[in-house]
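One structure, as structure tokens, below. Some questions next.
Letters are used for the chains, namely A, B, C, D and E, taken in the order the chains are written, and counting of residues starts over at 1 for each.
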Amino acid sequence: MLLEVNELCQRFGNSDILKDINLEVERGETFVIVGPTGSGKTTLLRLIGLLDKPASGTIRFGGREVPDSARARLELRRRIAIVFQRPAVFNATVYDNVAYGLRVRKEKRASLRNKVARALETVGLSGYEKRDAQTLSGGETQRVALARAMVFEPELLLLDEPTANLDPVYISNVERLISQIIRDLDTTVIMSTHDMFQGQRLADRIGVIISGEMLQTSDPREIFSRPQSRSLAEFVGSENILRGVIASNEDGIVTIDTDGIPLEAISNLDPGSEVYACIRPEEVILAPAKDLTSARNTFPGEVSHIVLFGPLARVEIDCGFPLVALITKKSAEEMGLQTGSCIYAYFKATGVHIIER
Amino acid sequence: MSELADAFVTALKLIFTGDPEVMAVAARTLGISCSATFFAALISIPIACLIHFNHFKGKGTLISILQTFYAIPTVLVGLLVFIIFSRAGPLGGLGILFTPQVMVIGQVVLISPLMTGLTVSALSGVRPEIRDTAVSLGAGRLQMARTVLVEAKYATLTAVLIGFGRAISEVGLAIMVGGNIRGFTRTLTTAMSLETSMGNIELSMALGIILLSLALIVIIIPSWIQQRSSRVQQR
Amino acid sequence: ACSDEETSSPTPAATTSPGEVPPLPKTSRLKVATTTSLYDTGLWGYLEPMFEDKYGVELDVLYAGTGKALEWGIRGDVDVITVHSRSREEQFVADGYGVERVPFAYNYFLIIGPEADPAGISGMSPEDAFTQLIAEGESIPDVKFVSRGDDSGTHGKEKAIWASAGYEYEDVRTSGGWYVETGSGMGPTLVMANEMRAYTLSDIGTFLAYQGDLELVPLVDEGDILLNVYSVIVVASTKYPDMANNLVEFLTSDEIQDLIGRYGVDEFGRPLFTPCAGQDM
Amino acid sequence: MSELADAFVTALKLIFTGDPEVMAVAARTLGISCSATFFAALISIPIACLIHFNHFKGKGTLISILQTFYAIPTVLVGLLVFIIFSRAGPLGGLGILFTPQVMVIGQVVLISPLMTGLTVSALSGVRPEIRDTAVSLGAGRLQMARTVLVEAKYATLTAVLIGFGRAISEVGLAIMVGGNIRGFTRTLTTAMSLETSMGNIELSMALGIILLSLALIVIIIPSWIQQRSSRVQQR
Amino acid sequence: MLLEVNELCQRFGNSDILKDINLEVERGETFVIVGPTGSGKTTLLRLIGLLDKPASGTIRFGGREVPDSARARLELRRRIAIVFQRPAVFNATVYDNVAYGLRVRKEKRASLRNKVARALETVGLSGYEKRDAQTLSGGETQRVALARAMVFEPELLLLDEPTANLDPVYISNVERLISQIIRDLDTTVIMSTHDMFQGQRLADRIGVIISGEMLQTSDPREIFSRPQSRSLAEFVGSENILRGVIASNEDGIVTIDTDGIPLEAISNLDPGSEVYACIRPEEVILAPAKDLTSARNTFPGEVSHIVLFGPLARVEIDCGFPLVALITKKSAEEMGLQTGSCIYAYFKATGVHIIER
């Protein structure tokens, strides 16, 4: 276990910003922290990066507890790199910025030069060596910060929203880079991101932090398909969240009464349990006519709004209750969907995720 | 106001005829003040770093006290240094009262609090992100301090220049501990004070103009180096 | 504090000096420039309130070296000057800057030095003492002479003694490290002479004021040339000639002359000045 | 060194017995220096804004010249003010030589370049983003300048305090244009100089200690207000 | 025409950062500038916002040319608001930050208070009034900056990557907000973004800027489906770009020879024309068996890599040439796709976009 975080708390003034965070990250793992604005991602990364001291709780790094002495902390800190959310550059050239971490480690001149050149090449900034780092554009700055952190091959790389300032071409570049570092250098990465899909693309495990609490830590798929609370479900994009009560349970197939509308789902909860039923928009299938399918839930409805983006179409349907479906642009076009179209919405019982209230 | 014009003429005459006594006094003045500035910087900058980078009780008070010392009268510093180095004083045995050395010491005492306080301000002007960035990249405390100091280099240079300005321009201390001895501890300011007391206004002003010219040179050199090096960088 | 009288004025009159006046005067102010030695002895602090009471005027006493006091007079920045350099005073009047030179008191200069007296000048005439000093100074490292070197009245007197002893002042000045020019006032010069265990020329008033802190003793105190005459001159360009004349009259009045003659007895056991109004000195 | 202890005792005695003459001198010192600081700030801050917010040829040189004036000897300023206000000078007709007013003027002349230079430094310390942000939100030039100035308020306050320190601690100018007239233009520093020349070292040092105490009060008040107001904000 | 930009150039030092930019934006329009890092988006927005002066070229705002006098520029500038890419906050409370624009316009106290409260509510920061703005998190800062810009109801709102620091929940919030402002306040918006889909969602028109040149300005759909150059095609995510020569043209249906592999497409170019053929990944359909479809291009291939993200799966296929397909996760699962699966890839002739070389 490279990193173990136990009951970590942080306070600023009178407010608890982090509450009892527990976390274990193995060597070589990529752990992604997602969470809304102000949830405490940066605060947590600063604690893990040994920049701040926690109000309470412990951090174990490489098997031993992080000590209090400045010298010992420095030694550990030298094995960790952080890229901040809004990186600051030193008032110096790009070269000097990237060389910084090596210089403080007393790297030899020749290998320093090589490493810096390689790092700059990796982030696509070769030829920028002599530029004043303070005149770089937002994205260029971000890439300098990445180069600066990876150049000394840290054991643990902390990335605070590393692609927030990058355009899509570079996002995939940087993502590929991160994957490459993980593979080649055996580096452990903990990153925060607000891009859920990025998390899914890169993470071995995802932790969701909301209001300073780590609500769920699990496999990326699971967090999407089986969020453990309503706020989590909302955050991961389960746009259809219905409040209901389990009316019956027959061999694990339950009927949920949501304001008079019955939904079928899979669960072993007893009748009378108060629940939320979550249906991810992409689980909802649309068809122009009532078809015979294996989907247990079928509702006729009227399209109230369509938004296209990229290859997808987001369709809002009024079925007595509001339901959002995510389908391909192509099928939306083939069905000739438009506001006011009458259609049928289907979803399987297995597509309904149940959260106890 | 014709005195001012006369003073300029006199100053130019003194400079261009290379009046040996004036040249010697000017050189001595520069030597004493530059030494004092150098030693004061050597003391003040590390202390300023200690103050800025540590959190301790009474830090705010300490900074206020340093700022108070901006207002220390040269006469008071002169008295203190005098009673320390006078024959009856604790360091009287050194016998360096009324020498240029003790003038340097006095000026160091005079300008160190000012330089320290201004350097602390200079360091506080650096965005906290710089410090975080340095630390996150593995800088130790000293390395981090150096980095922040480099970011604050212009403000720190200003602090040093202000110290220099105060050292080269002060007169009370120089007379009190140096004694304004002709050919030995006489500086431009003490000479000015003497000429003034003798009613030689033009000559005194001419010396003042020479002093300002010296200061201008000392102050312009760093900004000139800075411009040159930034030009080199751009190539 | 901040005042002469508390520390150096012995008389009860001084301790009852009037309180502070408001910084912005409604009445006009008479300015008198005085040489430092008169001021430092506290004489002016003693006389000032008496004059102010008598004539109901604010008297501003400015002290400076003789050179500067005369310069103020020439520029018209003061109304009256009291200095002690006969030749320069006469020049001042002759140039039309002053109305008339009126001597009002005198005392003597002293040649003082370390008690051990390495040059052995004790009891000599001033001229002989100086001759001895330059001779010993050039040979014995212990012998040093500290000169004011500031063109003050005292410095003028020193130059006069050198001349009278038959030396070119410029030669003395450049004759070696034994001759130290301080370019400072009497007080600092005494302090420096004390620190260096050197000889110097001082007016008696300042010497007495400093005596407590000094290890120096008077070695030569007799000789006509040591005579130190203070005179008062009304500046020609004064806006207040009447009040200025009042001050001259005040200083030369019997009553004040009498007080001047007794000034310093309480503190030093001997008077600092001899009144001399009406005499040509 | 026993003189130092004696000086402290004397200072305490003078303060606690409330010696009326010392009190009056202290009040006058404070009045003159505070007025000078106020007027100098009134002049310097706008000029600093003009310099900082405009681009013009020779700006760098102008700043170097301002920095040179950090080294202006008080004696020189004293002489200048003297020849201007002396009866024979251009403003001699005002007849304010040897008054507190002219001392204020002299101190304003002395500290304005320093304050201007330091305020320019203070303004340069504000991130350019602040200026851009103000402008982008519709601030006119004056409003923008005000905003940047507010961002730089601590550094600007330091500039003002340094000016104050220089004003309250200087002596050459005060004697030269004020004349050290008892009860009228005598300040703590000129009194110190007089007492020193009369050999009263303890008393002189006691006055110096009183001066430093005054300065401490003046310098601590702003930081105290600042702390108070930040405490109020937190509520 | 609210804004007309003519032949605008900008230089820094010796490099031309913007080259002959032409642009017209109508009142009420939403124009989105997309482009890679360092392409000059920020530089262009600063010129339009009258913060900098161009090296050459003119800007007309509200029908008249932007004057040189400071006073007249201020007047125009007061009708424009800018939100910077990395907004700086004043060292003051959140309230004072948001009130700033109103105060400089001498707004009355009462209405000022109302407007600030409304703006804070809109961005979801009610209750933050007294917070020191400098202690806010990245996303909170961004929202303060938005509130601060919209509070004085500018005629033209310039947004430089306004959602780069926000998490997805707030991105849609802010997007909705921007739409709302456009509708309610009749505000014209010019924004830059690196999120192509965001551009598509919000823009009336999109301009793509690459290396300081505005390469194409058009309808959002068009830019995706018909980019006018190769670099543009790459930038908008046409991952399949094949180099070829038109072999024949029969009534507008061309055959393109790409390294020996023939593609059919719609074009009126003559045989012999050198072209790129672009196929958007979502136009590629996968099927387990060779089916009879109307798709003119059919290639057997082997799956070389699959990445899942959100509801989609990105499948890389080796058909002799590399081809990327974007399909729903669901269909990928239904077909049981995995690395090494043999499948058929189809795309219509109309799905091939042709760019002359």
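Here is the rule we use: a contact is a pair of C-beta atoms (placed from the backbone, for glycine too) under 8 Å apart; a residue touches a chain by one contact, two chains touch by 3 or more.
Remember, predicted model here, so these are calculated numbers, not experimental data.
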{"item": "Steps needed, at minimum, to go from subunit A to subunit C via contacts", "value": "2"}
{"item": "Comparison of A-B and C-D by number of C-beta pairs in contact, larger one", "value": "C-D"}
{"item": "Chain whose average C-alpha position is farthest from subunit A's own", "value": "C"}
{"item": "Between subunit D and subunit A, distance of the C-alpha-averaged centres to the nearest whole Å", "value": "57"}
{"item": "Chain centre separation in whole Å, for subunit D relative to subunit C (CA means)", "value": "35"}
{"item": "Whole-Å gap separating subunit A and subunit E, where each centre is the average of the chain's CA atoms", "value": "22"}
{"item": "Touching two or more other chains - residue numbers and ranges from subunit B", "value": "127, 176, 193, 196, 201"}
{"item": "Set of subunit E residues in contact with two or more other chains", "value": "86"}
{"item": "Overlap residues in subunit C, where contacts from two or more other chains coincide", "value": "185, 188"}
{"item": "Interchain pairs in contact, sorted by label", "value": "A-B, A-E, B-C, B-D, C-D, D-E"}
{"item": "Sites on subunit B touched by subunit D in the complex", "value": "1, 3-4, 60, 63-65, 67-76, 78-80, 82-84, 89-90, 114, 117-118, 121, 124-125, 127, 154-155, 158, 161-162, 164-166, 168-172, 176, 188-189, 192-193, 196, 201, 204-205, 208-209, 211-212, 215-216, 219-220, 223, 227"}
{"item": "Residues of subunit E defined as touching subunit D within the complex", "value": "49, 51, 70, 74, 77-78, 80-82, 84, 86-93, 100-101, 104-105, 130, 132, 148-149, 152"}
{"item": "Subunit E partner contacts - residues on subunit A that touch it in the complex", "value": "12, 34-38, 42, 85-86, 135-140, 143, 161, 164-171, 194-197, 200-201, 221, 224, 234-235, 237, 280-282, 307-312, 326, 328-330"}
{"item": "Touching residues on subunit D, where the partner in the complex is subunit C", "value": "14, 19-22, 24-25, 28, 31, 86-88, 92, 97-100, 179-186, 188, 191, 194-201, 203, 206-207"}
{"item": "Complex contact set, residues of subunit C against subunit D", "value": "1-4, 6-8, 19-21, 23-25, 29, 31, 36, 40, 45, 48, 58, 60-63, 75-77, 185-188, 190-191, 209-210, 212-213, 237"}
